[in-house]
């Protein structure tokens, strides 16, 4: 990936945390983080820490009954002091905010994008992503961690004879990473300090085969050109490949 | 745009409504649709009809006070029988659904993407997009219509001496369109019947200068490759150029 | 109706919009305003514009099952910029206000007052009245427009063999109009400017046969005598007759 | 009032509780029912029992500030077992139903109809009507009882020098009663068993001078003619006069 | 009980209302307070007045079905002017506060503590405790009153052949009382003025046999020692015995 | 503590996890668990794991202003898969359940019981206890862990000159533990399997000086005698002493 850096002519740029523009923050994936869930993963991307659990339940919601198809859904939330300033609980406010809704839906779509609902049969998997500490990229870390929890839950389901084969349910793996343009320079995997300064911000979820499942680019502060998009997608591809290697490594243990 | 069709080798494809793959549905933009709002637009894209109003208010929300900056926000909603089956009102259910939140936020970001908040000063513009009839592409029609309502509201504010110059507030124009892959073929501006069959679905908001403000691609049903992405963005560019022509034409009247 | 004016000795009174005290605002009823609903009507009474849809559903709510009887219900809402100042959405506030509840219930009772629930059978009709522009009399315009949408929905149900005969379901027609005392003078069909100045305000729903279904008089600002009541009811009778003529005319088309 | 009975030719009609058609149920008004409120009244109309309290607070809500005017508002609620079948608490359901809203607003308007807001000054009175036992006519009993609580609260305010003169605040007294047509016969003051059988149901709030403040007639089950309206209003007038006598008597004590 | 007073050396202490430290406020229990509920009790402990109703319903909630067991649950609420300052209704606020939840749960547990769910069979009893006037000890008065309403509801159920024997359902009686330490002195049955000054506050629910069902001691303002606890429990035992005598006396009537 | 075991004659009792009846589960307290909060603690009691954070904010809520006093409050919540079966999020349900309210209030009172509000000055501390894994005793673990987070937050506040002395704010330390009677045997520190089988269940919060701050005993399934209470309090005292030793040890590090 030296090439990207070359292409960008950004060799000399120093990021606040000393990383190169095309470098991921350190990733750590801990499986079996808690005991109760069928899949339970703690993912750490730099200082961002998300607990991802996967709950397997036989049966599907009413609107899905007798379809022969399964269902995968996700909920995302932040603990009140995941952030520098305390955020009020959404349970206390009595309603879920738009950002939370948006991210929950994104995570759900990413995972459904690699699940064969017929192979899953009439079973449901509920993903819960709870951010213990937030330092940018919580939604993409959630996708990456949730995939590992999903694999563990499917393996559990296979072992307990709820499904025939976990492998057949999964059509590919999926991970996600953020990229963005900071002061004119495209960069990979933005921590909070960069994210809040970004002119353009993009979250990219990709499969192991290198195809896109979700692409969400936002340029509230300065539109981005098609060329910039190209560079951002190159960075995202590099990042996702490395994240998928980390997923594989974590899943290889035990 | 004959080129795109060529490139796709899709000359012979007939869409349910007789359009070519790179053809927009008929667009109609009616300004001054109602009397009370500072900007009031009815936009019709095929059978999709959205009423977009822009409310200008002197002053900004508390968190924005003494910043010297303005604010633009948006709310989207569907009337209960905009759809084939009646949808329960979110006011009756007592909470706003995730989809509504997601779309409201998208519209707000698109418009903020072409507004110079300093030039707007400490004033607020609230966009309301209410779908009277839904036939696919309601969120992109909302963006396209809301921009016209925004221009009218800024002109009103200039005339009433709330702002110095409407033109200086707007850094560019913005429109949005949906594209998607149906049965393997990339297509422009999907009505409901195509949208629900799409393997990949993308909403693209672009400025008049051809840059991206929002890019939201979803591939719950089949990931898309970078090549497909390229074709979809070509289609979106063509569609947005035509929508921006329709905006200009509407704004030229009266 | 020269008589009423005579009786009131109000020949010389000029209303802000130039109408006589016993004169309705221009009424326009557009059927098939949107495509999806079984009945879809736009009613315009002066500057007041309400979209009324009627949704026919086979089956009734649980509490009504196995009664052999149908059900008719109504929901009323205002778009945020139907009014001069923007009103917050009730979906955003998370609850429905008292005024909305009150009006929804009024509309429902008016329509049920002309429906034979046995003839309707175990089917449900949901009326939705959404105010696009409000200039007084939105609740009465809703009743008048909703009746036309109801007729269309019943005709649709007859054509689709859900009910035997639309005519047998309807025992009469119904319309509603507002009357009030402004500066001591009883007047028919109050726009917002008169409504807010009214000492007494009354909404009167009547059948084609001239009987009352709903009578709601309010005199927060000055009680009204039985004589004044008499004059107000005369005005309301005249107004409702004319509104019912407009309904008949609209229903005669196509 | 023998005349009404004559007019109706209903001498021989026996109501379930033995009353004549133009006869009120026994009324009992207990002042100082509880100690804390500035006004606290228990009103009993037959088996209907409502606790009405009036809370005086110096100052008005924000929207009323610096107007020099006071404000009067009301809230109505039923205890869960006021009725034959237990009703779920609205606090538990998390929202207030339409019926409750409708009645709360009615009570508020009735009391405001006899209050001179200028004489009240920037002070607020909150009326609470809680139904301990419901046997028809709870909303009209609430109005009648609340008026007495209001008088007590104003006297308290005068004694504590919040207002100059309680008498000047009240422009008149107000009471309310229900009337209805049961099996073709107009009757006064309907208990639940009659109310639920009524073809037409009307609530009439009148001042001591015999003028109307609120008139709410509903004929979901059979429209009523102008003649019937006349008879119903005669009955309501008789009932309200007697209720106002009971109010005076209660207020004369202590 | 002279002994406790001796032990405390508090002979000379005069409480604001003239009671001795180990003396209950006057208790009055009125059965059949309202007609509709299966059990309806007004309990007065000094100025605290609570209306307790017990609703008997054949059948249990879904989660309890086919268990052969019954269910007893309770809801507590305060009328807005039960207190010196008006409290907003929880129905209006749209949610139930923590204090209300806490007390409702306490009452439910106390009653379930003396009910044999098998003997009750698949039937449900819902207790409603509504505070008409609050002067301290509303939760303990609720428990004491609710027990009497429960007995009446069970007798009703036996008479109507819903259960075999009311006596077999009840394993014991239950009452509750508050105790606390005020300025260093343990006291029985605290009115509001003492309650708000208490350093330690304890609610004690006991059976007729003298065992504890609920014990809730709170010492936000000064921790209490084990010795103090002993004295408080002595006081509570004395109080509960007297309250149970009052319950027996009330139940002996009619 | 050999004595307690002797007294109980329970030497031979084997608990499911091999502990003696008066033995705590292993306790582990990790400070600085996350970076953002002023105090952040992970407490593990056996398999129960709770993340406790303390947020220090200068200033107090409005109702406390100009009192010269500080405020301490707490919120408790469970992650959805802290339990064997997934629990729906309270944010999704739109309201907080009674159990959550009850526990949040308990934690707040316990901590306020050792805080000198004058020494804290007009500053606020918000405690958040989020259960990552639940195996009984989550509320008592929350209290024990929250105290450590509170100390860290006060030290932070002293270092940042918000308060003069953290030590003066704290009047003592506080911890809490559960005790209960299982099959007739009093036991210390109940895991879920014992808790759900307990006839009597008690949570006891004590200060370092051995006094009680909170005492909550519940005997829904079998009342407990005063003798049993004595034994339970002996066990609780032993447990709390050991927990306070663990707190001291954790606070001694770094």
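Things to note:
In order of appearance the chains are A, B, C, D, E and F, and numbering begins at 1 in each one.
The definition used in the following text is that a contact is a pair of C-beta atoms (placed from the backbone, for glycine too) under 8 Å apart; a residue touches a chain by one contact, two chains touch by 3 or more.
Here's who's who by UniProt: A, B, C, D, E, F = Ribonuclease PH.
Keep in mind it's a predicted model, so treat the numbers as computed, not measured.
Counting steps between touching chains, the shortest path from subunit E to subunit F takes 1. Separation of subunit C from subunit E in touch steps, taking the shortest path, is 2. Both subunit B and subunit F are touched by A.
By residue number, the contact pairs of E-F overlap by more than half with those of exactly one pair in B-C, C-D or A-F, and this pair is C-D.
Chain centres here are C-alpha means, and the one lying farthest from subunit B is E.
Note: centroid distance subunit A to subunit B, computed from Cα atoms, is 27 Å.
Taking the mean of the C-alpha atoms as each chain's centre, subunit B and subunit D sit 52 Å apart. Annotation for subunit B: residues 94-96 touch two or more other chains.
Beginning with subunit C and heading toward subunit D, the contact ring passes through the chains as C, D, E, F, A, B. Residues 95-99, 101-102, 104-105, 109, 112-113, 172, 202, 206-207, 209-221, 223-226, 229, 233 of subunit A touch subunit B in their complex.
Considering their complex, residues 34-37, 40, 47, 49, 51, 53, 55, 57, 75, 77, 79-84, 86, 89-92, 94-96, 100, 126, 128, 130, 132-134 of subunit D touch subunit E.
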